[in-house]
Every structure is written in structure tokens, then in C-alpha cells.
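Residue numbering begins at 1 within each chain, and the chains themselves are lettered A, B, C and D in the order written.
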Amino acid sequence: MLGNTYGRLFRVTACGESYGDALMVIVDGVPAGLSICDADIQKELDLRRPGQSPIDSPRMETDQVKIVAGLLEGKTTGAPIGMVIYNVDRHDIHVQQYKDVKDLIRPGHAEYTFFVKYGEFADWCGAGRASGRETCMRVAAGALAKIILQSEGIEVVGYTKSCMGIEAKPMSFDEIKAKKHSNMIICPDEEAGEKMIQKVLEIKDEGETAGGIVEIIARGVPAGLGEPVFDKLSACIAHGLMSIGAVKGLEFGAGFEVGCMKGSECNDIPYLDENGKVRFKTNKAGGFLGGISTGEDLVMRIAVKPTPTVSVDQMTVDMEAREEKMLGAITRRDPTLLARLIPVAESMVAMTILDHLMMWRGYDSVQKFEHKW
Amino acid sequence: MLGNTYGRLFRVTACGESYGDALMVIVDGVPAGLSICDADIQKELDLRRPGQSPIDSPRMETDQVKIVAGLLEGKTTGAPIGMVIYNVDRHDIHVQQYKDVKDLIRPGHAEYTFFVKYGEFADWCGAGRASGRETCMRVAAGALAKIILQSEGIEVVGYTKSCMGIEAKPMSFDEIKAKKHSNMIICPDEEAGEKMIQKVLEIKDEGETAGGIVEIIARGVPAGLGEPVFDKLSACIAHGLMSIGAVKGLEFGAGFEVGCMKGSECNDIPYLDENGKVRFKTNKAGGFLGGISTGEDLVMRIAVKPTPTVSVDQMTVDMEAREEKMLGAITRRDPTLLARLIPVAESMVAMTILDHLMMWRGYDSVQKFEHKW
Amino acid sequence: MLGNTYGRLFRVTACGESYGDALMVIVDGVPAGLSICDADIQKELDLRRPGQSPIDSPRMETDQVKIVAGLLEGKTTGAPIGMVIYNVDRHDIHVQQYKDVKDLIRPGHAEYTFFVKYGEFADWCGAGRASGRETCMRVAAGALAKIILQSEGIEVVGYTKSCMGIEAKPMSFDEIKAKKHSNMIICPDEEAGEKMIQKVLEIKDEGETAGGIVEIIARGVPAGLGEPVFDKLSACIAHGLMSIGAVKGLEFGAGFEVGCMKGSECNDIPYLDENGKVRFKTNKAGGFLGGISTGEDLVMRIAVKPTPTVSVDQMTVDMEAREEKMLGAITRRDPTLLARLIPVAESMVAMTILDHLMMWRGYDSVQKFEHKW
Amino acid sequence: MLGNTYGRLFRVTACGESYGDALMVIVDGVPAGLSICDADIQKELDLRRPGQSPIDSPRMETDQVKIVAGLLEGKTTGAPIGMVIYNVDRHDIHVQQYKDVKDLIRPGHAEYTFFVKYGEFADWCGAGRASGRETCMRVAAGALAKIILQSEGIEVVGYTKSCMGIEAKPMSFDEIKAKKHSNMIICPDEEAGEKMIQKVLEIKDEGETAGGIVEIIARGVPAGLGEPVFDKLSACIAHGLMSIGAVKGLEFGAGFEVGCMKGSECNDIPYLDENGKVRFKTNKAGGFLGGISTGEDLVMRIAVKPTPTVSVDQMTVDMEAREEKMLGAITRRDPTLLARLIPVAESMVAMTILDHLMMWRGYDSVQKFEHKW
């Protein structure tokens, strides 16, 4: 409703700021009897954690998660899962750095709009709630969603599709899965990945940051998922993905290319596979028809902007002094957001799919007929 | 929640199928004291109505709307507005045409997934609830939202940006508004529009249909609109726009181009205008920072696929007979969806903005301090 | 959210005023494949319809319902069900009567608060949306809920428990069901019912109206229904029942008597029945423990105030003239609301149970273990 | 949605079990610029804390709350407030006590239904999430709501109205407020309070527990609050109050007495006070007409059952062994829940009022007319 809750039956509520005491998340709708422990969540968080490579932020947060509610003897009880991460790398020197420039608009940053929204009380410390730091808790909740989806045979895999125009070659789902962690930019095409990393390092040396495109594929999603009209699965996934700070565009399947297609070029032709199951010869629809899953892979791409923090002087406005000023170089930054954003994007997709699965089964449960198809 | 309701404080719930008796919509959250009449709604519906030009469907629905609840002596009372449109062009011959092919999957159509979802009970008549016919009621509700937004100084304007690769030239907001109705494809660039129409007519003659891109601009949106984290204004608009059947991609501002940009290329530089107001020198962010409005124009583009109904034979599957079959040419169809989709897209954007305006003012109302910026 | 939607997965949205053109309801979450027709809904509506006995209102509304969306060939398709009832008994003479006193507060009526809320634009005609007339659509939606619950073995039965202090004797669920329609006050205890009717007719002759208590019993509700903490089944039923205009109190099981009980007097003792199923020797809990169903009958009682419209002069305030004035006798009124309110109360209980059933099954569906108890 | 979130614009999500690591709450919708600190919340929590008098539980939880998110330099930033309380009094001996009887149904306890709902994975330790321990976080969130309401001139005051049939005499709002803390049972009528305490201590000596009735009054609530039809303020307050574990009945104003009243006995007569404001001569409506506030005090009473834990042997069922068994006396218990439940009930009322205030102002904010009344 308000901004800090996501989902209906699988329902995630989070809080916490960049330089606050802690981040918390409460996940409601987790079924009883699931074996989980801190390490299951930590594993996913470690993929998003900063300070791990020369192309991400040097901020040294350990992102140590602790499950404090919803478990008994290592199993979920049906009660909501509560998790907490305490912020550790927030020394006075960092706070002071932010305080020094607190009236200056940092170009491209989310916090400007928070200043307008909340006035003089907005959090000026490292972007507060507008910081990408909040995405920790998306990943923690997403880890739970992924574990549950796994038991339903559903996998969600994201990777860097392109960076600064360097594109990964087309690869099969299995190859992508197997090789995505071959490099620090999470690109399964090793050659392209190597080039991307070189490009990012070059750009980093200029004090700059790099944009790119992430592709997310969900395999094993049963056909029929999604609600008609306003709550199409595609629309809800769009909501989830576009809620990630740096995302400026989104496509399903053929995406923007449909704008140049004729009807019969765009339509995917159905056929019967060897098991008599309806499949489609192509997947230009990206796995959605009318916003509802077709049983083919869900294929989504998002455009990720370069980190707005740059080590380059930028003119800006001092909101308190009401004058234009120079904002000097800022050093703690992610040269590119791509690698760290991937688990966040996967999490949003996983949570949305799970939520829809629960909704569908919910009202479908009172249906007595047998599905024929 | 389920698929047929949209919004939180400005809350739209709709029903009705392609060939059912009627379409209905209930709009909750409309303030009291607003002067409206059927004609105010009809005006917008007429922009979406079929049968008006050689590039849209020949189905002769008059889409005559009647407000049946929420008004007293021409003014809203604060009660929910109820509107109804009876379907008129649904003759036995059309129903029979659909019945004849009811077990055949129509490639590219939404109804396949409904068949999977609802089994043998799914509506086979003209795609039922999955038909674009439901968008009538989005436009009816959107008309209300636009009227209310107008009193807040907010305008939402959509137009055809490109069709089959033919692009409208960049134009100012005022020009777009003034000239968008110069032609039947709703393109304010008259020259480009003419070419687009020729292209669509050619394609129509082949029995085919055409895709394109629609741009929507919202002007006058105050800075600070949108909720942090999951319910960013941008995320909610993405939800609304991607819930329109034929939309396969979405961008804000520079959109997918950010994937090739460096940080300082992507950042919009703030300045103080002659009135001392913070403005931005460029609008690559499309009017959103951290998903919250910056006060600049909101700029959104959506990729619209070609109508899946084509007058060309297509192989498909007979779900009942479990065999592959040829689906013959279908004649009643929209050569392109672009013109008719524009008021639908505007409606989704308008409803989302209004909903956020109400939410923000709602919790903001208990804040006692004066905003400085 | 706003006031005109109820439920989450089984989701009812309504509109329409006392003297507007029509009442509409949209019911989302209805499963596909259900055989229903107008008559199934009409049957329930006829139980609430006015003008049927000397103890209800003489207003001659036929309440003829028409399903206009969500059906194909007599079966639900999974699309939302749309229903409409046109108001027929609204002649100029009635409108004029209301117009004449439109600035006078009618004591005990809901519309006063609407005047405060919506100012001069509030609907003054027969209480507008605040009129009991809206309950038509609760009954129409409730009829659907009951049909679905029936297929799950769940029944909801309400009856008049007491009127002006005259109490029905304790009776078994089956007797109540069998005999509740023996008289016009819907009291299965024929003797007590006869006395209640005599009392109401006496009171009617004085120009007055009568209060009473309605009991609703839901049988067949499986144990385990209801969500922990805020969305207990009991809390949600309380929400639904207290949303009916004239209801001023609510009890479950022993209700207010628990205020004089000791722990062991209040606790229901569990035992194993002949089938080895856990049952309780008493049902002072009214079928709820921790707000979740125990498998015993849900037993609820609501206090229904006398109709505020009386044929007796009452002092009041003219809001426009800002002076105290006499409000004369009003003749069109229900001598008691009890009989007509019963199907409304049953509907709220049925919708709430169904909604919870769908929610529970929704998230429970991903649980792989077998329930042992 | 699911059970652990409450409210729409002022939105509270909680987690945590009786013997889990911690309880957490996230409060969304808190405006920026509010000065709060841990002590402001602690003050309210201390009123609910156990171990403070001979008539409450001896469990020694300190309920030390820490605000870990949403604050910067002592002021709210508009970000959600996160609070955490670690459980401290959970020694192995207690856990073992619960483990020993984990298959026995404890009569009158909420956890039975959790066992049915969640099967063998349900939390058997001190009732888990079904324990009254969760109400800590209602009080923490309620403390925030009260602070905000205070700035709007709204106060919510609860007290023990009766216990085991001993009634407090009628008193003015100001007297109640001034004297409610004169004794440990929170009864402003000192004489009656003394008798109640004696009665509870007697009952305690028998190994038993005592029921009672709590009255809550909200003063200063503006007229016009509440949404029509399903989301009446009264219905939402009913939802909130009935969601508290031990509550079995609820009345507004005259409550169940309306069942014996005639129309003109029940109606409250409006008049103009010395300032020309509409007031009512009586308040049998309890401050609600049509479920919307009238501007008079909101007056609510709830029936609180005796603690189900008793030091008396009770027959019960062993769910694992499938046989009837004796459950021995349990010693750690609240002799009565009344005193500790009062801040919980106040919190639910405060949160509901605040939520409605925000909703109303939200959509009302786009209304341009001036309210006349």
C-alpha cells in the first residue's frame, strides 16, 4: 500500500536506511514446515554484498542476516518470518561527509525527491531510505521466495545481458545458469564478460560509472498464472522490477522490437510437443499472453542506469542557500550496479510469481472441475 | 487485489466481456461536488471507440456510457460512481464465428492463457474478459481521473511516437497537444503521421497488422509524488501501463539508452530558474528520481504489439482434438491498435497519478511543518 | 480500501444510492464452471425485499437483479460477475418529500454524518448511499458466496433471536433452519415469533419502531480458518457484521457473559468423538479460539437498533438555517429491520468465510506436508 | 491482508512469538518531522508489561523497545519506523515445560487452532504467535498513533468498566483520565476498583482467573470520519478490537440495549450548542451514525474473557496419542487480563482512527469546496 510492503498473499514489509541502525524485513504468508536457516538467506545476500570486487562499492557492510521470528527448531511455523541486518560500516567520518553536502542536490540521486517530499526532515545521510541499501531486504525476502518456488520446480535466473553496448551472445538457459558466476559482472558469456569488465574499469578510472541491461529468465512457471485485466502477471512483475531504484526501462520477450513488427511476425505459433503438450515455436511474447503465463520461459530485460555518484565535478543547487554550486567528486561508489542488482531483480520476480501462485490456488481451490488442458 | 480492481484511494473496479451483456465500472474515491455528466465521459470514450477509421476495427460498438450511481443533480456526492455500457454489436453471426473456432488457439491472443487458467469454462467468445473491449472502462474511469487532475493543473497527453519504424520528430508538449488529433493515427507530426497511415494501410491490404510506440507525457505533476521502495510512482505507472493487453515494453526518459551511458551523461543537472525554483537542465530521468516525481514532465514510452488477429492463414493447435490445424483468415480486426490504445494509456497514467496524490496528501495531512523547498 | 469494496480474494465492490438510477455490484474471485442464473440470486434478494409484510417498509422496490457479466451459457467463466438492479419506486413525490426536509437532521440517521463529510453536495435523497438500500448488493454477492460455500459443506443461517426483550427459546441448528421462515419476523420459535410480531405491530401503531437481536450460525466451517493476529476470522466477521448500518453490538459464543466468568467456567473442554475427531463439550468460544475456527459452529449475535425513522415528532436542527426545528412524522418506514437484515448478515458472514477459505488454501497450497490433525 | 498487517495509510506490520528471539514491528505512513524517542514508546509498553502486580503474569519480560529505523537525529524522516524488542525471560525450564505438554490441547487457548492450521510444525512454545505476547507490538505502534493523534486533539482512553460483575460507576471523561491509574486494575472508580482487585485475588487463590469488561472512549474525533458501506469507522474499529485475542464481544454506545428500544428512545436528538455547533443531547449511538463519527465521544465496550490458563486440573485431548488426558495446573499466568489489555485496546482504536483520518484527508484533498457544516 504505502511504499514499504510488497505482495498480497506472500507479503513482504521492510524498513531501514542507508546509515540507520538496522534493516528489518517481515515476510508474511510463508507456509509452515519449511526448513530454513540464516545461511540459506545469507548465501543470496552475499551475492548482493558490496566490497567484493573492483567494480562494486568499497563500503564494507557484512550484511549479516539473523532470522529472529517465525522459526522453531529450524522449521517455519506459519508465523511471519522476521529478519534483521545491523549496519556496521557507518563511521562518523562517513556521516560527516554526507552532512557537509546535505543541502546540495546530488545529481541523478533519489534523495532530491525525498527532500521535496519530506522537507527539512528528510534523511540526508547516504540517501536514507532512498539508498540502494534497502535492496538487502528484497534479497532476504526473495531468498525465501526462491526456496519455496524451487519446491514447485520454478527457477529465476538473472545475468548481465549488456554493459555499455557490449552484448552477451545468446545462450541457453542451462548455460546461463551454469556460467553466470564465471566473472564479477555476472555475465555467462565469458568473452563478452571480460570486455565488459575492462570497459567498466576504464570508466571507473575516469571517475565515471557504467550502465547496462540485465535479463531475467523464469523457467518452470506453469501456464495460467496471472490475474486478468489490472493484475496481469506481467504487470505485477513490471511493478516489482521498476520499483528497483536504477531501472529505467523494461521489456518482455521481443520488447520494443514489436513496434516494427507485423502481426504474423509477432505471433508465436503453437504446436504439440512429443508429449502432446501445447508449446510455442518461438517466444516473442516472452512467456506472457494477455499478461498471463503461457508455460514458456518468462523473459524480461531491464535497463539499469549508471550509478549517479561520480568522481567528477558537477554543477548543482544548494537548496538551503538557494544558489548554484559545484559538487565535488565522491569516491565511495559502485562503478556499475549491474552485478549487485541481479539478485535484487531475481528476488522481485520470484516474489511476484510466488504471490500469484498463492492467489491463483486460493480462489481456484473452490473449483471442483478438472482442468483438461 | 484480484485482477479487476486498480488503485488504493482512487479505486477502479470493472467487469464485462467482449460479447457479454454489458461492461460496468465502479469508481470509488471520487470527491463530492464535482460537476460531471455522461457527455464528459463519452467524449473520452469516443476517442477509443472502434469503427471510426480505416485503420481501426469495423466492429460497430457505440460505447454509449451511462452514469447510474454517485450523482445528484449533476454533481458527485462522494458516493462511488457507477457507469455502464451495454454491448450492442453482438449478433449471432459473430458468436457463431467464434464458436466455430473455439477449440483453436488463436496465435498471439490472450485467450489461450485463459483457456489454460479456467479450463473448459473459459469464455471463447471474442476473447471474453481478455479482449481489448475491457479497456472501455479504463477510459471511462480515466476520464474522471483526468477531470480531477485538471483542477490540480495536471495534464496527461499520449500520442503515436512511431509506427513500423517511422518516427515522429521531437516536438514540444504544447505542439503535441495541439496537433495530436490532426490525423487518425494520433501523431502530432503531420508528415510522419501521413507516412505511418500509408504504411498501415499497405500492411492492412496484406491481411496484416502493425506495431508501434506510444509516448505519454504528464505535465504539472508536483515534485515529491510516489512512495518509497515498492510503490514508487514509476513502479505503479509501470504496473498500470503494462496491464494493457498489447504492451510489451516500457521506458521512462532515456529508457534503454541508459544501458550505454556513463554516470555524468545520465545525470540531469539541477539549476534555479528565474523564479528560484529547482529545475533540471535535461530530463533523461523522465521526471522520476528514485521513482518519485521531480516536477519535470513525466515521459513514458510503451511498445505496442501488432494486433494478433490477421487475415493470413496460421498453423495452430486444436485443444480439444489435440492436433495441429490451420486457422483461416479473420476479417474483423484493428489494422493497428495505436490510435485506440492512446486514451487507454493516458487513463492508466492519470489514475495512477491521482491515486498517489490522494495517498500522499492523506498521510501528509498530519504533518504540521511547512515545506521549504 | 475505501468503503465500497469488501474482501481480498473473494472481492465485492458495490455502488448505488437509495434513489439513484441503479445499484451495481462486481464480484471478483468467483471460480469458473459454476452454474448460476438470475433466479439463484433473486431468491436471496426476495428475502430482503421490502413491501412484503406489515412489519417492513411499504416501499415497492422489486429488486429485480440481472447478471450482466461473467457468465457464458449459464456458467461462470472466471471473469468477475457483474450484477445490476434498477430502482423503480422513486417517484417525484418521494424525492420532493426528501427535498422538503433536506436541511433537517433526521435523528438517528446515517445521513447526518454524510452531510458533515461531503458538505452541501451530500446526497439528501432517502439517505443516498447511507440508506439500507445498499444492502441489496450485499445480498446479491452473498448469494454467490453461499452457493460456493454449499459445495464446501458450509451453511450460514441467521434468525431473530429476540425482539424488544421477547426471546426465542434455544433450538438446534436443524430446527432453526427448518422453521425460520414460519413467520414474517424469521423466528424459528413459533410461539415467541408470534409474540414478537404482535409487539412490533403495537409499536408500529404508536408510530414507533422496534429493536432486537439476530443470531447467525455457520455450520461446517473447517477448523483452522482465519489468519493470526490482525486478520482473525472473528475480527474479519466483526468487520463485516458491524459494517451493516443498524448494528450496534456483536458477540461470539458466550459473548458479554465472559465478563463474569472464571477461567475454567469459560474454557470449552475438548474430547474425542466416536470418529476420533477432536470436538468440544461446550461452545462458549462460539467456534473461535484465537480468532481461528475450531470446527464447532460459529455462533454470532448482533444487536439491531430500531429503525430511526419514526412517525413521531422529533426536535432537530436545520443545518442551513442554523436553528432548532420540529421534524414531523415520516410514514414510509420499516417497523422493524430484523427480518430484512437477516439475509444481509448471513451474506457478510458467508463472504468473509469464503474469502478466508481462499486465502488459507492460497498460501497453504505450497505446503507439502500432510496435516495430521 | 494476511494476518500480520493492520491499516492502509497508517500501516502496521508485526512479527514475533512468545518464546522466539525477538518481536519486530514496522510502521509505515508515519509523517516526517515528528520528535520521538525510545522512551515515548517505552512509556506505553510499560503499561502493558507483565510482572508488575499480583494480578498479572509473573513472567519477567522487560519489553525494552529500540527504534532501529525511520529516525534521524531524533525526528522521523517519513521512512517507516522499525522497532524491536528482544525476549529475555525464556529459559530452558520454560521451554521444557511447554515441550512436555506440547501434544495436549490447552483448553481455551488459541494455539489449538494453530495446531490444526499448521499441523505438526505449529509453534508449541507458549502459544507462539498466538500468545498475547504479540500485543507488545500493537502497543508500540499504538504509541506512535497516539502521539500523532494528540497533535490533532484526539485522545483515546480505556479503563476497566467491570470485573466479575462488579461495575465502575459512571464518570466523566476527565475523571476517568485523571483516576484510571489509581489502582492496578485500571479502574477510575476507586471503590469499585478495590472490590474488583479483592475479587481477582480471591479467584487467583482458587487457581482461577477472572473476566471483565473494558470501556474505551475516544474524544476529539472530528465528525465525518469513516468510509461508507464496508469500511465504516465503527466496522474498522470492530475489526481492530475483535482482533485482540481474548475479546468475545463488542458494543458501541447503548450496544445490546438497543434490542429492547423503540425508535424514539434510541435516537439521539441534535441541538445547537452555545457556539452554534451541532451536538447531540444523548450519545446512545456511541458517537457513530451510519458508522461515521458524529463529533461526540466514541464509546466502545469489549468483553474480555478470563485467562484460559488456570491452576486447576482440566480434562483434555492428547493430539498425538489420540486419547483424553488430564492437563495439570499451570502456574505462570495472568489472574486477569484486564489491566494489561487496556493499552492494547487503546492502541487498536488509535491506529484505526488515525488511518481513517489519513484516508479521508487523502481523497478529500482534491475537493475544492468549503465545508459549511
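In the analysis below, a residue touches a chain if its C-beta (ideal position, glycine included) is under 8 Å from a C-beta of that chain, and two chains touch if they have at least 3 such contacts.
This structure is a prediction, so every number in the text was calculated from the model and none was measured.
Visitor: Same or different for chain B and chain C, where same means more than half of the interface numbers show up on both copies?
Guide: Same, since over half the interface numbering is common to both chains.
Visitor: Among the chains, which is located farthest from chain B on the basis of C-alpha centroids?
Guide: Chain D.
Visitor: With respect to inter-chain C-beta contacts, which pair, B-D or C-D, contains the greater number?
Guide: C-D
Visitor: State, to the nearest whole Å, the distance from the C-alpha centre of chain B to the C-alpha centre of chain D.
Guide: It comes to 45 Å between the two C-alpha centres.
Visitor: Quick one: report the Å distance separating chain B from chain C, using the average Cα coordinate of each chain.
Guide: 38
Visitor: For chain C and chain D, what's the span in angstrom between their mean Cα positions?
Guide: 26
Visitor: Can you pull out the residues of chain C that are in contact with at least two other chains?
Guide: 1-5, 8-9, 14, 29, 32-33, 78-79, 114, 117, 119-121, 129, 228, 359-360, 363, 369
Visitor: Which bits of chain B are touching chain D when the two form their complex?
Guide: Answer in residue numbers: 8-10, 29-33, 78-79, 148, 151-152, 228, 354, 357-369.
Visitor: Which chain B residues qualify as touching chain A in the complex?
Guide: Contacts found on chain B: 1-6, 8, 14, 105, 107-117, 119-121, 127, 129-130, 134, 162-165, 203, 206, 208-213, 223-224, 226-232, 234-236, 238-243, 245, 248-272, 276, 278, 285-286, 288-295, 303-310, 312, 314-317, 319, 322-324, 359-360, 363, 369-373.
Visitor: Chain C touches which residues of chain B in the complex?
Guide: 1-5, 8-9, 11, 13-17, 20-24, 26, 28-29, 32-33, 66-72, 75-82, 84, 114, 117-125, 128-129
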